[in-house]
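Just dropping this structure here.
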């Protein structure tokens, strides 16, 4: 009864603090992203042309910032959805959640890398690898909740093909990773399009009226 | 029934997590603004005169910090007000909210730019463009909530001319944007005065007693 | 009835979001303070002596970090106390709260300044001026809540001499400000001792049993 | 009755705000850690080899980031556990909690130090000293809650040998501190293994059904 496995299933954790901690991490990530947009160093402080030139040159930074912001918001939304499925939390879920947040909190680094070196295929493909890994970490958390912690009244409405569909995400990011070695703009397009698969919740098999 | 449009109207989201996430983003933005106030590099570490000179030179940074702080607090307050009108949240609202937070989280960048280069009309006018865009993003979110998600008992008290009045905000910021090309201090005055239109809630048509 | 003054007294704000926003700001301030503790640049990466020397040289930064951390925690605690007195929030209170948070969020700047230039009397005295100003902003907020928003059952327990006692705080910080021009260590001692007046709640005139 | 000691035991604090403040601090710490992962400066922006070389060289930074992230998550989880034991909060608990958060918020500094100078025994051993100190601060907070504030129905389930077992943590970190002067990789291994003692809750003497 007190085996290692069992220890992770102890259910003394309140979902509200897990959500508060996770919401804090998500909120900080999306807001920290802007710190990578550095004020350019101008020779002539009053020169409109020089500032405009520097801002245009920093365009890839704005694009990578925008992509990461949308993707983290999407993860927040999906996270909100799956935590709403759980009837309570156990230690296993908390650690899978922490690993997922570890992946999320790493995102500012490849975002800065891809924004600084958009002509470097390694930098741009790392950007996508991190998104793919995050999606996998999310799917592991989701799978744990759906298998062990789901509210009984919601269990019947889960789509059994949900996990299969969910693999579209990592696959699509990995297409972007491959494209980075051919054409950076195409990779950015792949990264930007992928979250669109997830911006609305999975269609319920039977609509739940509330 | 499961059209794309309908998917955005699914209402399984709890307002409390949207508020927690948004409050986190607002709190981080106002606090990060201070990171742009850098400690000056002094040749003589003990020199009072040299430090005083550097602090006075950094005056535009303090002013832009102050303006952004007040404006973000104003947005937080207005956001608090409109989320209080909603009976629940749907995916459409969450995404409009995320776009609004995207705009908010961008504010530290033009704040730093205008504080660093107050003599550059492009830097100072960008500051106002970002505030005008944020107000527009806010109005779109407000309009969505008022049209689709408003609590029935509050619907009758909405001022139909509210949206028209609300356009005073972007218009006033854009006046500041134009003034930046004539006189930087006047632009700063326009930016600082605009939030004063919004520091109290819109007058209700009939006072709601609670 | 709809005079400017009256507009600030509209009471449609939930205390819980004001607390959430304030808690976020407090939490970020205390955590950002550590960013001023920079990793030193070593010539010999493996040299224990060189690293020890740099860490000892950075001692004033650790001291100013510690003082600011304790003082912000003290403000958080006092803030918690006075918001617990209010029966609800109005716009006047929210704006006074925002001004108070403005003062709080400024603290990392003079903390960094005093830590970087501990031999500069202006830097060290500014540190204390900011704490004195913050205490004044806090007292204004407290006074507004006690006069207008206090829960009826708590009103009788307020100490009428509370505001007078409260002025000990700014006075004590200003003693530190003056000492900074004579002896920096004495100023730091004054700053560090002042919060000790406030680390427990004001003694109630009659003990409230709960 | 109004002795200094008694003042700390006044019980007018709501646990929910203490948790909100603490959750905010934890969330910011884990997310700030990534800011130490700096984008490398490349001579040839498009060079895959040069970027790969810099990323491999930064490996100790990734390792120290990972260790600190897991350890802070572990502290968050243990903190969650002990605050769940308290029936309410008093000023003594709040100040012990603030001291604990002071220790937590310091973690990014030794993390950066050990990541930057992994060949420096002082840097690597400081990393472990800070973890050991944090564990001691946590144990003091835990002991205060268990002795004074515990919910009556939980008191019987506390393991009297819990504190003794808890000292394994600081002892294990201090082994790492000593190892740092012999072999840095061994020290990192000790730091990484220590939190594994605490990733699940202490076994209850009798299982509490909820």
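Every chain is named by a letter (A, B, C and D) in the order it is written, and numbering of its residues begins at 1.
The working rule: a contact is a pair of C-beta atoms (placed from the backbone, for glycine too) under 8 Å apart; a residue touches a chain by one contact, two chains touch by 3 or more.
These numbers come from a predicted model, not from an experiment.
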For the C-alpha superposition of chain A onto chain D, the rotation angle in degrees, rounded to the nearest 5, equals 90
Over half of the interface residue numbers used by both chain B and chain C, so same, or under half, so different?
different
In whole angstrom, what separates the CA-based centres of chain A and chain B?
25
Expected list for chain C, residues touching two or more other chains, is 20, 23-24, 27-28, 32, 35
Partner chain B, residues of chain A touching it in the complex:
19-20, 23-24, 26-28, 30-35, 37, 39, 42, 45-48, 51-52, 66, 69-70, 73, 76-77, 80-81, 84, 199-201, 203, 207-208, 210
Complex contacts: residues of chain C adjacent to chain B
1-2, 4, 7-8, 10-14, 17, 20-25, 27-29, 32, 35, 91, 94-95, 98, 101-102, 105-106, 108-109, 112-113, 116-117, 119-123
